Amino acid sequence: MYAAAKIELEKCIGCKLCILSCPEPNVLLYLPETKQVSVNQQRCKGCGLCVVICPKDALSVSSI
Amino acid sequence: MSEGLFRISPGFEEVMPAEYKELVADGPCGREVGVSDLGAFKELIEEHPLCAGCSAALALRLILASLPKPEDTVIVGSTGCSSLAFTQVAVHNIHSLFGNQNAVAAGLKRALRLRFPDKVKDVVVIAGDGATVDIGLDMVMQSWFRREHITTIMLDNEVYANTGGQESGMSLRGMVLHMAPLGKRFPKVALPEIAREAGCAYVAAISPAQPKRLGRVVRRAILVAREVGPTYVQIFCPCPTNFKFRPDESLQKIKQRQKEGAFQVREYVSPEAQAFLAELEGADHEE
Amino acid sequence: MTRQQREVAPEYLFFEAPGKQVFITGSEAVAEAVKRGNVDMAIAYPITPQSESMHLIGDLYAQGYLKDYYRAENEFAVMAAVHGASLGGGRVFTATSGPGTLRAMEMFPVWAGARQPIVCAFMCRGVSLPPSIQPENIEMAMLLDTGMLMFHAEDAQDFFDMILRAYVIAEQPDVHLPAGVFVDGFFVTHTRSAVMLPPEDIKLPAYDPRRTPVPIFDMETPPMRTIRDPLLNKSNFISYLANASWHQEVIAAAERARKYIRRYMGGLLEVEDSSAKIFLAASGTAVSQSREAIRVLKDEGIQVGLIKIKSIRPFPAEEIATVTSHAELIVVPEFNMGGWLAREIKAALDNNRRVVGGPRVFGGMTMPAELIVDEVKNALRNRSRAQRSNS
Amino acid sequence: MRNSKTFIRMSGLGGQGVVTAAHILGMAAAKDGLESTVNPFFGAEKRLAPAESYVRIATEKIYERGEVLFPNIILIFHPHVITLGKCYTMPFFAGLQPGGMVIVNTDRAQDLLREDERAGLMRLEARVYCVPATRVAVEVGGTELSTNIAMLGGLLGVQKLVSQEAVKEALLERFGGGKFVASGTTAALDDVLKSKFNRLAHLVERNVAVLTAAGGSVEEYHLGD
Amino acid sequence: MSTKIITPVDEFADCLPQEYKELVARGPYREPRSVEDLGTFKEIIEEHPHCAGCGVSLGIRLLAAALPSPEDTLIVGTPGCSFFGLVQTALNYSNTAFGNQNAVAAGLKRMLQIRFPHVHKDVVVVAGDGGIADIGLDLTLHSWFRQEKITTIMLDNEVYANTGGQESGMSRQGRVLNMAPQGKRFPKIPVFEMAKVSGCVYGVRVTVASPRKVGRAVRNAILVAREFGPTYVQIFTPCPTNMKFSPNQTLKVAKEAEKDHYTYEEFLSTEVATYLAQL
Amino acid sequence: MAIQRVVTPEHLFFEAEREKQFITGSEAVREAIRRANVDLAISYPITPQSESMHLVGDIYAEGYLKEYFRGESEFAVMAEVAGASMGGVRVFTATGGPGTLRAFEMFPTWAGARLPIVCTFLTRGVNSPLTIQPDTIEMAFMLDTGMLMFHAENAQDLYDMILKAFVIAEQPDVHLPVGVFADGFFVTHTREQVAVAPADLKLPPYDPYAAPVPVMDMESAPVRQMRDPFVMKSNFISYAAHASWQQEILAAQERARKYVHRYLEGLVDVEHPEAAVLVVTSGTMVSQSREAVAVARQQGLDIGLVKVKSLRPFPREEIKTLARQARTIIVPEYNRVGWLCREVKAVVEDTTKVIGGPRVFGGMTMPPEVVLAQIRRCCA
Amino acid sequence: MTASEYRVLPGPEGYLPPAAACMGVTLPEPGEALVEGKIVPEEDALQRIAEKLLAARNPVFFPGPLVLWAWREGVAEKAKAVLELVEAAGARVIPMPDYRPKYPMINPAVEINPNHPNLTIWHNRIDVGVFVGVHCHYANVALKIIRGGTDCYTIALCGEMGHEDAMITLRSVDTAKLRRLTEAVKALAQAGLPRAAGEHGRR
């Protein structure tokens, strides 16, 4: 019933496209140290917009 | 209209007031008359209480003379000077509330189409600038967006005249009026251009200083509304009372404004309306 | 350009400052009140018989008494714009009439619910249809439950006094509600009468946006995360309860206003000849007509008292019950068809068989004193007839 | 004050089908010749937000309407409703009638109730049941969108409020043919659900299987433990 | 401007809820942030109840990140879906009667100019297509006619989403929706074209599929409104729930619209162009 | 077009065999309109009214109505139906809460213009604060608009009252708009059994030429006719004309009593009129009170129930008479101001008998237990 | 006005009871305070507050935005005075940082919201709650809901005219008055008022 985005860090290039296409605030965060993106699954609604936009297929949506 | 509407019941002919007898005998219904024939037929408007030199009253007269089918025309008015004249008009006309004229007209037009599917019933809105561009703007424009088959005519005297001379959206920038004690701060609303963008098939700005052209514009607007879509006519008719010029200067004022370039006669015709008019009027009829 | 005026305490302005008598219309009295009201901003829209007063306020703006003023596009927009201006933390004024009131109807409960001390003058007239620009106060019946405070002025003097006092009452932190000051159009707005005015170089203290029961909208007042009107987005028992409690607080605020109405307006009602067994109870212009009728009746040897109801919301239910506890007949003349004041009075009294609702005139008609006299005499005749048949 | 009546509160999260479940239960009751009224919790709620609906079933005419404040049965469609407080009816069990019943969709019964809640329910002599509704929905129905039907199965497993035949008829009517009035979100989910089955009969059949399976997997949760 | 209202009293700093601690520490109030920085600062919009994949909530997020000075920004909205996200923003938000937003904003802006003559208080209208183009159209246009110094942002999802998917004036012709059982009979209202002829000095039509453009448009519109007059931004924010597409298709729907009826367009007066070039 | 047979109102209401459907209040609106021979309906979205107007749209698509569209705001919609009604067709629309207030200016206009429009008000709270939940406050504002006002208890009432409203509204001696009110959500969104007449029957069409005012179609005399004229002169004669016009509206309301009796079978329904304590109420509150009254009577309390169906005209004499023999009258309401209590007090002679409340609002439910507690106090 | 018979006591008062202002309870004039619906001299009320705070099992202060945020001159000092009082009373602090209806919900362990203050009272089992620095409208709404649904004893320290729906209210509360109240609490504590059992103290 509840799905959320998940990120494969090895694929993430930190382009931030996902952050700009997520309707939820404070869910996808940019970590300046690693230049990568992290997901706050608690607040993710699992819509999958980030999956579609990600050029590297680094994101997926699955049940939590 | 039903045939009997203008026929006096047998036996009552004698007792009817003269104005009715004249209307029956000499009125414009069922006859091809227009602005050029004014004076030669009994006008639909009887006396009215508007001020001397009122160019809105003149415009109203010209409009009524130009109705292509007065016997099947219903007019929707609104609050303002013009509503004072409407009680005297010999076609069905409605006054509902300030600003709701186009909504009433839309409902009315659709009802008449339901009841008389095989007959033309022209619904014409005639209202002042306040009713059209201020308080009723939403309903005016939505009737255009929805492509209601009605004609909207604004009698633009650039002021709330009936309530004593307040600034309206159509007042010129800088005019000092009631409720604009330091002069109006924004320009006259470009309603003809807005109308063009909003889906009107035919738009014209005109004045009673060119009565024949006005007559033609009104006629075109009503005919286009029947077949193509919403139409809008804006008639510049300055108010001697509130702008404090002599009653005999009304038309002069218009011409003066025209000379200054501050008022332009203009017509916007959609391609569809153009085609329709061309067929109707014939190419040679064009100016 | 700002006018040099001195801020004084409301008490000084109302009760102590030297007065000067002038002969002005009700519309002019409005302008005189706003001139001394330290009003920041006013917004206008034309409607008869209100326009004149808002013209005059436009002139005040041109003279520097107000800081902003404009004509808006319709009454609903005016009431929305003063709502916005009041959210911004200043003192605002506007006025309307009859159909204008109805056009803007949705905004009045909004003002009350948002706890905004907006003062609006209502120059009552008939509402459509058929259209009439003439005096009639049916619109008051429709505003009774908006949550606004409602004061009904008898004449231009009242109108002047009540507008200024309305600001002071409305802006009390424990009240902080909109106030409508009502008069019967034309009868007051266009009638010239003697009005006592304080000097024009003094004015009320400015509105203090920091003493409000709700945060002001300026991004200077915490919390920065603020929504006025917040309760929509949950649908559940707890939100319903919050919503209901909010409404109760609006009612409670009107209750708290009673104290200030007594202080600044000398009571929610005025009584003349409280020992009488017969009363005329009225508000607005009907009070003046009643005064005439009482004189006529007195000449005929009938003693009649007068109850002038000044505050319609809050309503002086207890006061009326006390004053009339010994009364045998209460006649309620009104300038409307619905008879809303009689309904209010009947609902406030124990034995309302004593109440005669009427005479009522409307559609712009005036109410001759004789009509009231006849109503009283008829009621007396009916009563004695009933008593005879009982005995 | 209403011994002959059963009042049910269904609490869940938006998208779980609490409104549809109430509708189907109420309609089934009507088909069984009982009196019934159904109303959802009236709100502009979005997906995953707390949602509630209410069913009243009785043998005599029901007049009362609005939310059920004094339920005999509470169905909890998601454990988060109580464990994370995803509900605005607070305190959650307030209003439950003595001898009432609580049915929770969960695989794991432990940590479900706080100590004070447990004590309160014991005082009311209430009974608590667990049904793994989402699991049954996925395993038997092939979609978690059948969770609501599994919850009804759980309910019927402990109390035969309506007949299975009536539920089947109600399902047919709800998902078959004519347009059903639902919120935008519900309508969208309907489309998703329908797309999972190629035929209406199949949808109904599988949901009836869910209903039965769930009815068989209800377990009582012993408050005393 | 006042960051004081986001400054906790020292003694109470500890007991604030977590989200406030984050706002104070990492919110956009003290140093300017933009859409580009999303993901690296605490956004002024907190969690919201919009549907998964909601275009409106994405639009709100983007515009909230683009505000040039959130500490002096006041948003005026109207009932509709946008309410749900906007009510969670960490700034002043007003919402009263349906369609009155531009009138409220005009009154508010003028009063703030009276009270804070030397501070730019940005009053921004953020509302849906129904509120701006249908029920509030006259109030919208008149705020433009009157040259009010406010920014109007339409979140256009082409439907009354919050009331359950009815036809709006901004719906596309032919769309079958509630209250348009046989399909909408007239074209989308040309509000963007209206803005050009009604006194707006700057306007952009854009979609949520171009987040950086949204950010730039919002920022420009607010800065221009301070100095020149009314500005308008129309953002296409598709609604997966009512238009019944999958939530992960929102950007695709928007992207396709960019090639069709929602091409990017900007208009501005020469005066404004010069001003923006200087920034 | 859907094929339907015109039958007399009496047949449709009282004789035709009825079928039970398990439907919501919104669907009951659709079923009423399906049988009402309505020509034109105009809609605008507002919760909780939208659903019923969607459904009316659907039956338009099926051919039960001739025209239907979405207007741009409530004020515009009420103006549009006014225009259509003046054009001589039968119209329908619905709104609620803030929508009612937005359109407010139009309602006295309908009455003044003698338009037999039927509008359903699915009531809810008004701003501020914003709420979409049930509340009957808007009815307080409407009492003096000149409209007839009926208050439905449930979906069945809503179905019946809408159909009957058309027949009452269109009587030539009445010819006034009718508001049929039902508590939003409590009625609109609650699903229950509703008995409806066969779908292939409908009311006789509206006859515009039987109206007491000319229809605006350029087919009816007189040709020189303005709806509705400014009484544009400022003099005693015009004032008197205006006042008389208003009195005629009030008179038309009075004439409606006869038809309300005939078709709604009375302005009130009374159970146990002889009881010492009476609950007097309207709308959904009647339902809540029924539950409380039933329990109270089981417990031996001497309690009766008066359901007020028509608020305009108000059952003045009925309530005055009932109150004479009762010891106490309880008026529970779903609004903060207690407008029904005020109405009752204004017609009851000894107002000390009248207890206003309990009242809930803001969307809260009235548990029958709360009404019962009040009954217990009053019977003690 | 005659004194009201209506007493403002801890609830639960029931299903949507009326506001105390509608039951005849009026707000105090300067120098006065309200205790359980009755006007009393301010000094008496200070004493009663001290007693209530010290006798409480779990007293909690609810500071609102007006004291939480350092938005204007004097707030920091007033906040300090509030905290001294909290300290003297051995109470806890749960803030009301804003008034919005929060999505998806508040965490009643760490905050209180005027739209559903009862959640925080229930969750933390608060027996005495003190409002300070809350805009009056929101305080009144919250106090009414608390009285309707919980048994919490409410105290309102109001900068304006006070709150009828609190069991005790002080009006025109400024820093000095807060300090006077703190002194009263300290004096009473020294006199050795027995305290109810239960966990308390600042977090």
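Going by the order they are written in, the chains are A, B, C, D, E, F and G; count residues from 1 in each one.
The rule is simple: a contact is a pair of C-beta atoms (placed from the backbone, for glycine too) under 8 Å apart; a residue touches a chain by one contact, two chains touch by 3 or more.
Everything numeric here is computed off the predicted structure, so don't read it as measured data.
Graph distance from chain D to chain F, where chains that touch are one step apart, equals 1.
Distance between Cα centroids is largest for the pairing of chain F with A. Note: the chain lying farthest from chain D is B, by mean C-alpha position. Centroid to centroid, with C-alpha atoms defining each point, chain C and chain E lie 39 Å apart.
If you average the CA atoms of chain A and of chain B, the two centres end up 61 Å from each other. Shared interface positions of chain F, i.e. residues touching 2 or more other chains, are given as 47, 51, 54, 58, 69, 72-73, 75, 98, 102, 105, 109, 113, 127-128, 130, 132-133, 228-230, 360, 363-365, 367. Annotation for chain B: residues 95-97, 134-135, 137-138, 142, 146, 169, 185 touch two or more other chains. Shared interface positions of chain C, defined as residues touching 2 or more other chains, are 70, 73-74, 76, 99, 103, 106, 110, 114, 128-129, 131, 215, 220-235, 237-239, 241-242, 244-246, 248, 251.
Partner chain C is touched in their complex by these residues of chain E: 1-2, 4-6, 49, 71-74, 76, 79, 83-84, 86-97, 100, 103-116, 121, 138-139, 142, 146. The residues of chain E lying in touch with chain B in their complex are 134-139, 141-142, 145-147, 169, 185-187, 189-190, 193-194, 197-199. Interface of chain F with chain B (complex): residues 39-40, 42, 66-67, 69, 71-73, 75-77, 79-89, 91, 105-106, 109, 113, 208, 214, 216-221, 223-230, 232. Remark: chain G residues 63, 67-72, 75-76, 79-80, 83, 93-95, 97, 100-104, 107, 110-111, 203 touch chain E in the complex. Residues 1-2, 4-6, 23, 49, 71-74, 76, 83-84, 86-97, 100, 103-116, 121, 138-139, 142, 146 of chain B touch chain F in their complex.
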